[in-house]
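To keep things clear, I will list the structure first and then write my remarks on it.
Chain IDs A, B and C follow the sequence of writing; residue 1 opens each chain.
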Amino acid sequence: MSIDNPPTIEVDQPEEPTNRPAADHRLKEWLSRGYVRRIIALSIVIGLLIIPLAWVVIHFMNLSGAPASAIMVEIERTMFVFTVVSAPLMAITLAILFYSLTGWGRVTGEDPPMQESPAIRTNGTAVVLWIAATSILAGFLVIWGLVELATITSYANGSTPANQQPNGQKAIDINVTGQQWVWTFQYPDQGAVTSDTLIVPINVPLYFNVTSKDVVHDFWVVELGIKIDANPGAITNTGVTPDKLGTFNIRCAELCGLHHAYMQTKIQVVTQAEFDAWVREMGGKRTV
Amino acid sequence: MTDTAVVHQTHDVPQPKQHGKPGGILRHTSIVTGTALGLVAAIVTYAIGSHFFVPWGTTNADASQVGLNALVAATYFAWVIFFMIGIGAFAGPIRWALGHDLTHDDAEYMAGKDQGKWRYWKYTTDHKVVGTQYLIMAMFLLGLGGLLAMLIRTELGITWAEVFDPNFYNSLIGTHGIVMIIALIIVVTGPFGNFILPIMIGARDMAFPRLNALSFWLLFAAIPPLASNLFLGGIRDGWTVYQPLASQAPIGMIGYQVTIIVFAFSTGVASVNLITTSVTMRARGMTWNRVPIFVIGVIASSVMGLVWFPMFQYSQMLALSDKVIATSFYNPIMGGSVWLYENLFWLLGHPEVYVVVIPGTAALMELMVVFLRKPLFSYKVAIAGFAGVVGISSIVWVHHMYMTGWAPSAGYPFMLSTELISIPFGFLVLVMLGTLWRGKPWTRLPMMCVYAVIWDKVVGGITGVYLSDVPVDQYMHGSMFVVAHFHYMLMGAGLFAAIGATAYWFPKMTGRMLDERLGSIGFWVAFFGFQLTFGSMFVAGLQGMPRRVLQFDNAFNISNWLSTVGAYTIGIGMLIFLYAVITSWRSGKPSGSNPWGGKTLEWQTETPVPLENFPVLPVVTSDPYGYGVPDPYDAVLEADKQPAGVA
Amino acid sequence: MSAPVTEPLYPTTGEPVSINARRNRMGIWLCIVSDITGTVALLVAYSYLWSLNVNNAWAPPNDAWAPPTTFWLIVLGTAVATALMWWGLRQIDQGNRRGLMLAASLSMLIILVTFIGQIVQLSTFPFGPSDGAYASATFWLCIGSAIHLSLLLFLTQAIMGRTRAGRITQGNSSHVRLVAMYMTWATIAILLGAIFATVMTTSPNTNSPTFGTFQE
């Protein structure tokens, strides 16, 4: 068996209507269509279901005591805002998806369907609206993100060493060393006190110098919302001001070998008096 | 016909001198000779090498480790090179260099003419053979990776004990990762890019048939080094094998590096071949606005693979050199830098995600028009979307490195570029939604995959928006949230799209229909298991569970139990689907040449597809999306009447 | 297509050789694109480690930098061989098969000598591969160029072999062009390596932290 004639594909272009009615009339007509109304209704319902997710997300993040710093507050606010602003677009997408399953009819059976759907090649209005909507959304997310990044960077004082703090409040320098599979914290200004639990006073800026003695680790103070890699051969910096008393988690967030899972410790946020007492007990000097 | 593009006039073409029987030495080579020669060479290399380079009983630990690494690397490369020699891969280049060009009979022999099933075990150049080989290989790798995933979830589900040794667990996650990455890179472009694409554009074969065979057999040769790592200490460092942790690793790591180096060559030649084929071999009349969208998707994916894969390859070559000749690219004590590795790695690492997602998406666009009987919505927007993703994907890699401390201010521009890529990616969603709009879906399995994949893309896309933001990433980086997100993109959007493509083109490749009932059951079981697994993994990530751990706080127990239940469900679903594929391949209902009523060229030729695809090369006069009837609402509007209701 | 009427046909597919040449040219361009990325990876590794000077360990022991002259001799050899190949292409297009044969043979010989020179350079550095980041990066620049040269060795001798076997004729000379194209890129790659190795020696960063401590 063979094909004698080369298979060709027939042109089946529907003709464009030439004398279209006015735009407002077309919009009214479009909005009066049953499926349009049902999709809009479905979008609103789905949107209303998605928006509460913003609180659910924050709920899970707060289970272990977060937020314990202004940085973490900003992170959670960003999550919240992103969920809410993405909701309309998600809702429309999912509404069309679900509606299309049966809404315009469906075909079952073994043979290719004979009944064809409308030959919509493109729709300038839809394309422009979609691109505009996604661009505005992306633009908003970018601007929000850039502002937030600047904000948390200034909270972290990530580029200002301890002795150059602008507001006169002296930050506590802490040298963080990661090695397989422990964290070591050294307080150079407190007489080089060394500890494997991070003990810090509340409401005082902390400034971390982070390095590693072997492989890449990642210094993650979970409830305070800071994270930075501990790289061998390089010093990285971050900072935070804890504003909640309590004990929080420090975990290694970069696979570092055999006992990566156990490379975790605690950060205790205590009052200034308790911190001074602890430093004395460890044999260090009192904070200046 | 007088107006066909190229009539196959072999008789008129003066042929070079035929040396011996057609095929020459390739008459005698096959996977058997390849494996035999490869194994012998590997054993000989190891024996000679261990005699000379690693004296037994060496006391200097460093020297013996470097020597042993070099020995293992040499053994692996001996296997790869001599396997390729043994299967006959070098016959072509050598004949070319000597001027003994292939005759038409040689070429036909190499394409597997009259060799029956045995041609699947030889260095066969026919693109249909290569496509089928790729399909089997992808299924094998997915099965292997899936099995490892089950073991990982078993460990994480049993929260009260360590099931595996931590080293073995770390090897599991690393091997699972890289096996799945390789599988997903090949799973659409391999089988369907090779089997379907040349027929789709009306060509007789790929542009470079021998490179086609080369790409598959290089991949085949790369698998044993990877698989053997589990017996040699394993890849304990995740699929990213960050340095310098990887230089501490046992010799199993060499297998990873050799595999990536060889696989990069395989991907490179496959990409060169696919792009050249699509650009230069289209049938007469198939202008760029008539090319099926799947072809555009494959080109986009190949361009990214071609341009960026060498970065990954060289990152591993330098890593290998650190291990075997003790250079210090990634050894900070001797002046190396971990950030160098991370940059080289992610320069491919990010485009690679789109290498996986784009061909799958394009395949779904190709098939959804057939099941909706509608033209593709806004073909040009789809092309713009692919082009935009390809373009921007090469300038977003630093978003994997926000938290590495490398150039903290780089967060600003790379957050910008990462958020921007959602715009062209949105184009692709628009095209799919616009095609769904007002269509009556024929709800067969391939079409249902479209729905599943759009859902997964929405979830994966929105969570990706969180992660692209530096402040949020400061919390999420390295957590289970990231794992859940990229599984939604790679598995939810990549693998499920590949399942749709498999169900769609299965009749063309095998001549039989895929069992609709069994296949659908398997697919939906896997789909809902997938939502459970990774939905609860999002929760674990939000709570602050780091990834790649085998023990964790009790706070994460519930979500991990749910994840494990979901993972087993995926496993069951995938086994059912695999069973459906195997039984349908052996004894499914014969399909005829065009069971779906498709208009692209691959459905116009007969099934099974003859050796050179078309008896006469086709001439194309329009794009393949001429489905549908005029919009009834246009008539209503024109008459300026109020519509009565839904059409 | 500006092919003559009597254009030879490509034996395996029966198409005119110019169609086949166009296809091959595209393939070579794509290979070059891929090769560019790989070369850039090496250059990035070199210059990035140079700029960082991690643990003050960039410089080789005793500041024994590799002498730049050898790098430039290798560039010179590759460039001359490439120029010869282009000259050979012009000869065969004018119907001078002996000219091409001469060019290809000379080109092959020069590449062979250059390749041997490259190996000699690799084995006579005043440092070993484990002597710090500069040593590692320089070794790999040279390994990269050795890989390129070994490819060129195969390609130039193939052009010789094909010319001798009569497969390259006046109307069917596209393979010479392809090889010359690739040789041109390889020359550029080796040239870039030589520039890097000559210009970037002493690291600009003199206060990198000592490994594992907080002292700069």
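Rule of thumb we're sticking to: contacts are C-beta pairs under 8 Å (C-beta built on N, C-alpha and C of every residue); 3 or more make two chains touch, one makes a residue touch a chain.
Bear in mind that the values here come from a model prediction, so they are computed numbers and not experimental data.
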By mean C-alpha position, what chain is farthest away from chain A?
C
Higher C-beta contact count, B-C or A-B?
A-B
Per-chain C-alpha centres versus the global one: which chain is nearest?
B
Taking each chain's centre as its mean C-alpha position, how far apart are chain A and chain C in Å?
45
Chain B-chain C separation of Cα centroids, rounded to whole Å
31
In whole angstrom, how far does the Cα centroid of chain A sit from the Cα centroid of chain B?
28
Return the residues of chain B touching two or more other chains; collapse runs of consecutive numbers into ranges.
332-333, 336-337, 339
Two-or-more-chain contact residues of chain A, please, as numbers and ranges.
232-234
Per-residue multi-chain contacts in chain C, two or more chains
54-55, 211
Within the complex, chain B is touched by chain A residues 1-15, 17, 19-21, 25-26, 29, 32-35, 57, 60-61, 63-64, 66, 71-72, 74-75, 78-79, 82-83, 86, 90, 93-94, 96-97, 100-101, 104-109, 112-113, 115-123, 126-127, 130-131, 134-135, 138, 141-142, 144-146, 148-149, 151-153, 158-159, 210, 214-216, 218, 220, 222-223, 225-229, 231-234, 236-237, 249, 251-262
Which stretch or stretches of chain B touch chain A in the complex?
1, 4, 166-167, 170, 173, 236-238, 242-245, 248, 332-333, 336-339, 370, 372-375, 377-381, 403-405, 408, 411-412, 415-416, 419-420, 422-423, 426-427, 429-430, 433-434, 436-443, 451, 454-455, 458, 462, 465-466, 468-472, 474-475, 477-479, 539, 542-544, 546-553, 555, 595-597, 599, 601, 604-606, 614-624, 626-634, 636-638, 640, 642-643, 645-646
Seen from chain B, its contact residues with chain C in the complex are 6, 8-10, 12-16, 93, 96-104, 106-107, 204, 207-208, 211, 268, 271-273, 275-276, 279-281, 306-311, 313-315, 318, 321-322, 325-329, 332-337, 339-340, 343-344
Applying the document's contact rule, which stretches of chain C touch chain A when the two form their complex?
54-55, 208-209, 211-214, 216
Per the touch rule, the chain C residues reaching chain B in their complex are 8-15, 19, 22-23, 26-27, 30-31, 33-35, 37-38, 40-42, 44-45, 48-49, 52-58, 129-130, 132-137, 139-140, 143, 154, 157-158, 161-162, 164-167, 211
